[in-house]
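Heads up, the next two complexes both have chain A, just with different partners, chain B and then chain C.
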Partner chain A sequence: MNSAPDNVVELNSVAKTFRDFWMRPTVKAVDGLDLTVARGEVFGLLGPNGSGKSTTIKMILGLIKPGAGTVRLFGLPPDSIAARRRLGYLPELSYLHPFLTARETISYYAGLCGLDSRTSKERTSQLLEMTGLADAAGRAVGGFSKGMARRVALASALVGRPELLILDEPTSGLDPVSTNEVKTLVKTLVKGGMTILMTSHLLADAEDVCNRVCILNHGRKVAEGKIGEIGSSLQDFFLAKVGEGRDFTVAEFLR
Partner chain B sequence: MRRWRAIVKATILEMSSEPLALLLTLSSIAIIAFASVFHIHQFGGADSSRMARDAGFSVLLVIGIVYAVFCTVKVFRREIESGTAQMALAHPVSRAGFFVAKASGAFLAYAVFALTVFGVTVTTVVGAKAGGIVARRTGDIAFIWGPALAIDAAVAVLPLVLAAVADRFFRCRFTTAATWLSLAISLLGAAASIALAVAFGFGDGMIGVPLWLAPAAVMLLFPAAVFVAASAAFSVRVKEGVATALAGALFIVALPAFGNYYLSSALSKGATIPWSRVFAAGLAAVPFVASFGLLGIHLFNQRDIS
Partner chain C sequence: MRAFLQIVRLELVAIARSKAMVLLALASVAWMFILPRIALDDGTAEGAFQMNVRYSLGVVYTLVLVSFSAVAAGTLARDREAKRLQLTMVRPARHMFIALGRIAALTIAAALFLGVSCVALGLRYGRGRTCDHVARPVLESPEVEARRLFDENMRDYPDFRAKVAEIGERDIMKYLVQYVNETYQTISKDERAEWNFPPVGDPDARVSVRIRVTDTFGRLEKPKGVFRFEGREGVFDHVNKTLVRVSLSPAAAAESSAQKPGVLSFSNDGDANVTVYPRRDLVLLIEADGFWWNLFRAWLVMSAVAAVAVSAGVFLGASLGRGVAGFCMMAMLAASVASPAALDEYPDPMAATKADRISLRLTGISAFLTSPLDRHAPVAALEAGECVEWREVSGALASGFFVYPVLFSLLAGLVMRRKLD
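Up next, the complex of A and B:
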């Protein structure tokens, strides 16, 4: 497959079926997905819970191997070190070592990016300031609130100054102020030339920051389009695409 | 190299912050310290230092391998199950590099435990020998074990007290501080007891410096390295309980093979193990470490990290 030079991420007929220890199929998480993310855009991968968003992200990161199809990151296989050098990742939950302090955590990821000790110290201090964690830099992250842990994870994703930032549910569980901060940060990073791929089921957030969205349901792409060209609000568009066939029987239940 | 160093450092910190690891270290110190006390009703003071030495090496072998297996399985499984491996592997780190660095960190953390236990063993051997000499001169039986027990109690308790102070006033992590202080105080104790033995020798130089134990202790690092590699390989594929059980089964099967290291016979004769034998033992361990390492890398490369 030849990658277009402006495409940062390319997925071609990608499928993934999870299997148990005995290799019996359990869940078909992604089914024949085609997707491209162009340089400089904010691309939203939307869908209800269990639609295959996180699995898709993990295949792009090389953490999960696709069962079929090809994944390209900067035109390279996703497990290539050269591709991952240009990548930052914020997972859905802030997976952090609880025994490390905020400063140690960011320094650890700076080390994984191969930064020398001086650059690592400089960037760690800058990111602690930027995320408002300077005062808590010496505290173990195990004792942090969800919002603070999220900021440490975000700083860790940015420490290598990536060209592509992958955000998996970046505003999930955050209060309105922190959510707004994340959205402002995304807009600032994109102005600086970064490409962002984010997943969300919070449609208002996606509508605020994304240029283009793709909606997944049951592992399949059900719609794709630019915000503004959809023709209705993202909420209505989403419900029309994903809500089809869903039967809400709350009234019957309450009767 | 920077990536390797970052992962190794984090792994050592993780293992030194593990409460059960500290418990194993303190239990080991207690076993060695009390070994010189329990036997005196049967054997008399002359055997004090030998009991301390045997206890030290038993602890290094048995608890040491339990420590190596437990901590290696723990750090690998936690990394995979808590999701931190996802974060790490989204950075420019190969899976093979991550596996090797993590296993190296686990082995170095075991080496910290081994060095702590070795320091306590040296202290106790010197203390028990000196106590035996003083007891013979003064006729007071308490001297047989008194000095060694006092020093070992200090090695066991002082790190906890200092770590509590560090935690209270300097926001240090208690378990981590206690682990490193145990090492520091154990080595200081060993150095001080050796210096005293050399300086005074109680007139006739009978105490001696038990540095001949060093090659034997180095020899025990090799089986531990094999168990670290094996535990790491099992942990990347199966859950914590199964990985620990597999490593335990390997321990039971492989235990008789430790006779090949000529360790017990050499120690029972109080003989120095030649460094050539240590080197040969190291070479013998290489294929096992390499095989388990390659198996672990292969299994880690095959699995999904989610």
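Up next, the complex of A and C:
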């Protein structure tokens, strides 16, 4: 399969079924998903819990292999070193080593990205400054608040100057001020030429920053397009019914 | 390479900032200094030395193997459970290096722990003490001799052929190897026995004979005689213990100087027969170098064995949960100690039932798989004053610092994605 040069992420008929110890299928997490993320856009992957967002992200990151279909990052297999060199990832929770200081954490990820010690030092200082953590740089991150830990994780994701930044629920658990800061940062990064793929429960987040969104439910694509274009069909869809056995309104989805 | 070094550094920082590991280090050092003050020995300098080596360095070595195996089994598993591992795995570092970096860091830390204990031991016993090369009689290997016996019996005795058909050649060969190893030689009064050893050549080398003296019923004998080797001789008399070391000094006697190179002779001048198990109980000791050098070689071997244990632990932790990986690692360590002992102690395989033979075979497999952990005995060599040979050191270094870490980290890299769903 030849990837179009402007497509940073490309998923073709991707499916993933989880199995138990005896290899019996338990959950079909993703089912025949086609998706493309173009260079320079902010793409939102939206959907309720269990819709397959995290599984999709893990397949894009090369952490799990799809059961069917193909995933390409920059036209490369997602678990290749060349693809990972161009990737930054902020998980839903920060998952930091509690015994490292903020500076050591960012510097560790800089080293993993292959930066030499001088560049690593410079970039770590810049990112500490940018995320407002310069004063707490020498403190162990185990003692940080959730917001501060999130900023360290974001700085760590950015330290390799990725071309594609994957943000999993970037505003999860943040107060309104921090949420706005993240949104502003996303807009700034995109202006600088970065491509961003983010997941969210909240349509409001996507509306503020995303160029295009894809709505997932039960592992299937429900809708895809620009926010303005799919807004009404989205609303109609959610007002009608999403899922089996329960109503799911846009009002619920929005908040 | 930078990514690898970062992973090594991260693990070292984790160890340095772990309260449990700092406590373990302090306890190890304290034990090295406390033991000599509290241990009761047999009142001789040699007895005190042997006791201190066995229970100070021996205990620290065991402690390091157990604790670092447990830490190794937990390091990747813990990071995966806390979802930190996936953050490292999405960076441009080969997954194999994530495992190899952990192995390297844990090996460095284990080597430091052991190094401090070795230095403490060296400061106490390093001055004036030496170690010896151990040479054994040049005899046909027990397996070759057993095979010859087997062939002879197959040719001459129909009953033997029936027994082989019933029990199997493998078990009978094992029995015959045991039999050959236990073959003894009786040296009668006024008789002279000779054994071939690798020639020493150097006339200035200090040589001794170490022999275990018992009669055929395992009782201490009161032998008397003279050992001669390449122009040296040593009188063997007033024996009051079963394991005897006879120092050989340059001799003027024509009988000694006329000996062929590498031939050790014993003339029985006593009133009783002397029983010798040449394969088991007769060695030539040739002075090598000082205690510090031997300690250094033992440290290298111990560190290499720790590296093997750590490599296996990291591999297990890459694919299993923390609890299961830790349990498997401890079971492996226990099997490495218990399996060879079980094989040694097991009764005559010809008298065993089929179920026993299957269990014995499984124990044999377990002993083979865990042999890298049990193959070397550097503490026992130090304690006995035997030289830890460079040949053994190079083998241990190749397997502990290269073969097993690379093999296990490659495997760990392949299975690391398991359980990330």
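Quick note on the criterion: the second predicted complex is superposed on the first by the 231 of 255 C-alpha atoms of A that agree within 3 Å, B and C clash if a C-alpha of one lies under 4 Å from a C-alpha of the other, contacts with A are read in each partner's own complex, and residues count from 1 in each chain.
As a working rule, contacts are C-beta pairs under 8 Å (C-beta built on N, C-alpha and C of every residue); 3 or more make two chains touch, one makes a residue touch a chain.
This structure is a prediction, so every number in the text was calculated from the model and none was measured.
Chemist: Please tell me, clash or fit, for chain B and chain C sharing chain A in the overlay.
Modeler: clash
Chemist: Of the partners chain B and chain C, which touch A:G160 in the superposed model: first, second, both, neither?
Modeler: So A:G160 meets both chain B and chain C here.
Chemist: Going by the contact rule set out at the top, does A:I81 touch chain B (first), chain C (second), both, or neither?
Modeler: both
Chemist: Can A:Y109 be said to touch chain B (first), chain C (second), both, or neither?
Modeler: both
Chemist: Report for A:G138: first if it touches chain B alone, second if chain C alone, otherwise both or neither.
Modeler: Touch status of A:G138: first partner only.
Chemist: May I ask you to name which of chain B and chain C touches more residues of chain A?
Modeler: Greater contact footprint in residues on chain A: B.
Chemist: May I ask you to decide whether A:Y89 touches chain B, chain C, both, or neither, giving the answer as first, second, both or neither?
Modeler: both
Chemist: In the superposed model, where does chain C crash into chain B, at 135-143, 297-305 or 351-359?
Modeler: Only one listed stretch clashes with chain B, namely 297-305.
Chemist: On chain A, what residues does chain B touch that chain C touches as well?
Modeler: Chain A residues touching both partners: 18, 55, 58, 61-65, 81-82, 84-85, 87, 89, 91, 93, 95-97, 99-100, 104, 108-109, 111-116, 156, 160.
Chemist: Can you check the complex and tell me which residues of chain B touch chain A?
Modeler: 2-3, 5-7, 9-10, 13-14, 17, 82-84, 86-95, 171, 173, 176, 304-306
Chemist: Over in the complex, which chain A residues touch chain B? Could you list them?
Modeler: 18, 54-55, 58, 61-65, 79, 81-82, 84-85, 87-89, 91, 93, 95-97, 99-100, 104, 107-116, 138-140, 153, 156, 160, 166
Chemist: Show me the residue ranges of chain C that touch chain A in the complex, using the header's touch definition.
Modeler: Residue positions touching the partner: 2-3, 5-7, 9-10, 13-14, 17-18, 82-84, 86-94, 417, 420-421.
Chemist: With touch defined as at the start, can you tell me which chain A residues reach chain C in the complex?
Modeler: Residues 18, 55, 58, 61-65, 81-82, 84-85, 87, 89, 91, 93, 95-97, 99-100, 104, 108-109, 111-116, 156, 160.
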